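Below you'll find a set of structures to go through.
Shared chain: chain A. Partners: chain B in the first complex, chain C in the second.
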Partner chain A sequence: MNIFSALASQFRTMWRILLHTFTRAETVQYPEQKPYLAPRYRGRIVLTLDPDGDERCVACNLCAAACPPDCIALQQGTREDGRWYPEFFRINFSRCIMCGLCEEACPTNAIQLIPDFEMCEYDRSSMVYEKEHLMIDGPGKYHDYNFYRVAGMEIEGKAKGEAQNEAPPIDVRSLLP
Partner chain B sequence: MSETMTIIFAISVMLAAVGGAAVLTWFERRLLGIWQDRYGPNRLGPGGILQVVADMLKLLTKHDWVPPFADRWVFIFAPTAIVVAMLLGFAVVPFGPGLHIIDVNIGLLFFIGMTSLAVYSVLLGGLASNNKYALLGGLRSAAQMVSYEVFMGLSLMGVVMLSGSFSMQDIVESQRDGWYCVSQSLGLFVFTIAAIAESHRLPFDLPEAEHELTAGFHTEYSGMKFAMFMLGEYLGLILISCMITTLFFGGWLAPFGATWLPPIVWFSLKTFIIICFFVLLRAAIPRPRYDQLMSLGWKVMLPLTLVNLVVTGAVALWMQGA
Partner chain C sequence: MPTIYIDDQPYEVPEGDNVLQACLSAGLDLPYFCWHPAMGSVGACRQCALVQFRDEQDTQGRIVMGCMTPVAEGARFSMQGPDASEFRSKIIQSLMLNHPHDCPVCAEGGECHLQDMTVMVGHRKRSYRGRKNTHRNQYLGPLVHHEMNRCIACYRCTRYYNDYAGGTDLAAQGAHDHVYFGRQQDGVLESEFAGNLVEVCPTGVFTDKPLVNDYTRKWDLQSAPSVCVGCALGCNTSVGERYGKLKRIHNRYNTEVNNYFLCDRGRYGGNFVNDESRPLFAGLRNQQQRYDAIEQQQALDTLAEWCGTGRRVAAIGSPRASLESNYLLRRLVGVENFNSGMADHEAALLSQVHGLLASNGVVTPSLQQVEHADAVFILGEDVTNTAPRLALALRQSVRSKAFELAAELKIPVWQDEAVRVLAQQQRSPLHIVAMSDTRLDDVAASTAAHSPDDIARLGYAVAAALDNSLPAIEDLASDLQSRAQQIADDLRSASRPLVISGTASQSAAVIDAAAAIARALSQTDKMLSFCLPEANSLGVAMLADAQQPSFSELTRRSNNGEIDTLLVLENDLYRRAPQSSVEALLKNAGKVVVLDCVDTATMSCSALALPTASFAEAEGTLVSSEARAQRYYPAFLPAEQRQPAWQWLKQMGQQLQPARFDPLPHFDDITAACAADCPALSRIAEAGPNAGFRIRGLKVPRQPHRYSGRTAMLSNHNVHEPKQPVDEDTPLAFTMEGASGARPGALLPFVWAPGWNSNQSVHKFQSRVGGPVSGGTAGVRLIEPQQEVSHSVLPPQPVFTASDAVLWLLPLHRIFGSDELSARAPAVAELVSQPFIQLNTTSAHRLNLNEGDYAILSWADTRCEVQVQINDAIPDGCAGYGMDLPGAAWLPPDTHASITAADGGSDV
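This part shows the complex of A and B:
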């Protein structure tokens, strides 16, 4: 009896496979037919600007610390107006695994991953992107966020206590109630 | 046919078989693609047919390498043996009325003998490679083919009894009043399974078994010698399909009296359908374990064949007496 059920199962399998003659192929014919990439797709990394058109990155190094394959390198600097910025910002895309941990680590929404993965190069060194290659001319996914408008850090044109929802600073050396 | 005509016909059959085997590599992949909901090779040329040329160029231009630890001459001989044996098998195939290279009175035995010789190819290839995987593949092929050989021959004896001849043309002629796929359905079933095992195609490709033995007996082969193994395998597939057509599906006889197509076209059509069936088997059925294969062979298939043999003999005798 066992043999007959096994045999029937084989024939049933063959019939089911034969019916697949009439089903469509699942293949996406890639170069001609682009697959749909969701807006949140994790692809190439960009550096964004805040709504005022200034660099968002404050060179805190958290992305480089979070990066599992260690493909981010940067150097912090300070501008005359008090803003921090990366003197250089380098991502080696031949190492990048598009995990998005840098984006999650970023406190200023500066570093973002975008739905683009077509980065083929004949020369391996062309996969190393410098700051001018990474920088885009807009705020990316977060249109209104401006780090220096919500953080307490003092820069030129914005003293301490002037940020959104920020109380004026307390003079801790004073004993007055 | 005169002698010159026979030679010309033999050469054209050889070319057709080799060309068919080459096209079959592409056709099989496309067909598998259809049944697995994908496309298969479809980039090169119309429908991807030029993939055959690309594959051939690649295999021909590869370094023809013999590993230093291999048994050199046996290593080179092995892939040749399978192609020669399979091509010789085509000699007895009747492609149409009077359209055959040679019609010997032991045609069927000749065919069985040639397919058995192909075992040596796999065996020697595995042995000469001096590689553990290849040796395991060769070992498996020896056991598998020897045990399936037994009832492959026996399963055809029913056909021989009913037709009363070993000659292929006589067997085809005797099917005018009914194909043997009806009266010998058990024989057809057993022969199909034995034939798959004999040509070591999926699901019975245990000598090769790329998942466990990397590539089994041809692990060490590359380039042209590897291509010869593949050619032999596909030639075997075509030959087996031709044989099933001849022995069980009326050969070049037209079904339902539809004689408006020439016999060779009917023969090719039937063979083509059976090849598609073999590809379907490959697409649908997973590979059994080695011991399962053996126990299926000896415990199920051999008794089935013997029952078929005895019953067919009894019926044939009774028909003779009546």
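This part shows the complex of A and C:
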């Protein structure tokens, strides 16, 4: 009895394997053949510009704090026009796990993950990206957001009271109610 | 201790507290804004609301403010209940209506009390659709940044600045939702304690300006517990570093010393550590008189050659270097070849002060005790400029009267506004006799400016008025006699009288007079305090030995060619003695080796310059003017060849005298050897936990648990992360891993508790709110009052008679610039005044000088030209000078100079 059921199992397996000969192959001939990546695919990290073409990153450090492998390091500086900016901004992609928490944390939509994962290098140190390697020339996925148009901090070209939903500055010497 | 019920849980709470204090002490998270443990309650922000019930049957209750409600036996409150919670969340909502959505670009973000409280009450979304109020900012000087939009109108800033620190140029302006906190117009904040606004403000209106322009979040700072080196008070600080730069200095809570506040020299002066002129490499002077950078081993070999057998070696220590460095230097060259690094007159004053502290039978008060003094007499010191934090404590001491009045009416001390309104202008007596006007004059009962001789005579007169057995001072003018009587009466009728003097007047008689007054007082709680010049002045005075050569003796030896090699430790000799004598000393000593953390004029004269680590990169023990030994720890590793001076000296010793130095491999061994060799310092090992100290087997981390960038910050140099540096000399670790929670006060690199990211979290480390750190207060007092021994009073000073020909040059200290290091910090440098000479109108008129003119000063063989300021508080026959006169830093005492007008000298 055992011998019969064992043989049946063998034949069933062989039949199944034979059937697979006629199914469509899943193997993709990468890199000749590129896979489809959704626009929101989380790959390489970029730094974007605001709609006015100015650096979006304000060096608030939230991305670095959110980063699980601690692979983002930056230093804040203040520009002459009053804007905060990163003096340097470094991502060690050999540590990055493409989790996207930095993008979630970014309050200015500066840091974004893009559908590009092709970052193979022979030299590990080439995986360390500085600000000039990360910057792209556009606003990325978020076309309209401009942090300084919303935030109350004064910068050159946007005085107090000129941000979104702000009243003109109070004249503290006025006696009017 | 009464028992109160919060959400039906019984809590035993301290008598006399308010409910907010009681809740926080019990570990409950009750949100608050306007209350501050050092400033009491005013009930302005309405955030700490609870529901109070009449009794167990009462289910409705009524809303009360925790900070304004005294605890009472059996009182019942609801904190978590829906009414109280909803009230608190509505308050936050209203406070956030105009908040400007700029946390990412706010220097308070991540350590913001407003953020913490908003998260604590659960407010998430702004539902108000109206427009936000906005305000224009003001320029408040190089230290404090102003961003008025972030204000929640809690009034903490003005309560601190005006009521606590005595400032007059910051005020609340406008009404209702137009209220504005600022100055009448843009300008530098006048108070020397303005920097505390950064920590007092619960949100980002006042932030640390040097930090804002090179910003790092609190969670990214690698910090270490440190001790301020700005003056001799030894305020406890927390030093924060990132990328090898000192980013900021914050207050480290020590209930007996600086409490919650620092002075601006302490907070901002430490930035000299980032000065790019600081030496990085050992430098050997070559034939062309330039320095060649050499390897560390080559430097040690050169030293071995220069200090080897047969060479006559002498060394000069420093009152700004740690005890350990000074001790090792002394051990290396022998007591008979070691000088403490102070000019003879300064060394004499400090040894006098040390003698008085040790044997005068009077308590040397901590700053906390100073705050409770109820009559104060200051002789010869402008405390705000020589020991700034002491001045802030004295401002609190004059409120003793107010607290007495409040106690009579049973008003609790934390009822701030009530106590102030009750007392109005009534203050405990503070009498000041200084060499000029002082910044405490506005709260003083009497002020006067005299020459040091007359100050001493007045002091002796006060002592004579207190103790009939002392000889009366003859020829005292009648107004001075009645003033002396008044001061004596005030001191006699106080229960905790305090006498303050110090080395600023450069007069042994003034110090002696202060001690005589303190001895003459009969109260058991009498106190005597001395303001000393540098961070470790008292420490080197205690280390000093009778066999030690004086500075002039060393100079003599050098001039006779008896010194082959001279080692100078962290000391700019040009600030100690006249230029000509220092030049001779350095020129005639065969080889001069200078170890220093900053580039000084002395270092420029060296044959070999060795870079040492600053206070932020080294460990050491300092003895404050209270005789409190305190340990500072390195916040980060020194760059390149810099290393702590004690490391250099240890390596030198191991090469030269292995038998004596090999048993001292670690810092703790050096401290122990110093304690063993010097009986006065026998307890310095208790100043802070040693390197073997562990909490549950763990070291204390220097980095917060959310320290970021570990795998990226150095990856531009090498993509392979280095091992975390091992720290063998301290109980702290250069990591984010380690013990959290309660620890000794000496090991608080930063304060953080779950839900409390701001510095308000310090209450989580206190045994009770406003009390000592639960793990123990930092530091150890080395001198406790001994049985009084007999003292002979110095012979009375002759009457000082003003001369027309020459004026007595009196040193006028300034908080910014008078010390050696802080003026190297760029922000502080902006506030340093140019060298000046102050004359009163009579002298100026006689010399035909006006404000802003240039005058030529000449004395001995020195001549210099400085700008004139008119100040009528300068005594007749005297002239006050600011530091760093061209060609002469501090002058020896009793320098009399002739002054003439310079012709058209404004081009100097």
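Following the convention adopted for this analysis, the second predicted complex is superposed on the first by the 153 of 177 C-alpha atoms of A that agree within 3 Å, B and C clash if a C-alpha of one lies under 4 Å from a C-alpha of the other, contacts with A are read in each partner's own complex, and residues count from 1 in each chain.
The rule is simple: a contact is a pair of C-beta atoms (placed from the backbone, for glycine too) under 8 Å apart; a residue touches a chain by one contact, two chains touch by 3 or more.
Because the structure is a prediction, the values reported are computed rather than measured.
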Can A:Leu49 be said to touch chain B (first), chain C (second), both, or neither?
neither
Q: Could you say whether A:Ala65 touches chain B, chain C, both of them, or neither, answering first, second, both or neither?
A: second
Tell me the contact category for A:Ile114 with respect to chain B and chain C: first, second, both or neither. neither
Chosen between chain B and chain C, the partner touching more chain A residues is C
| task | State whether A:Thr13 touches chain B only (first), chain C only (second), both chains, or neither. | result | first
Both chain B and chain C touch chain A at residues none
Chain C contacts chain A in the complex at 100-106, 109-110, 131-137, 147, 149-150, 173-174, 176, 178, 180, 212-217, 219-220, 242-243, 706-713, 715-716, 718-720
Given the complex, residues on chain A that touch chain C span 58-62, 64-65, 67, 69-78, 83-84, 90-92, 94-95, 107-108, 124-125, 127-128, 130, 147, 150-154, 160-161, 163, 165-170, 172-174, 177
Within the complex, chain B is touched by chain A residues 3, 10, 13-14, 16-18, 20-21, 23-27, 29
As the complex stands, chain B meets chain A at residues 33-39, 280-281, 283-285, 300
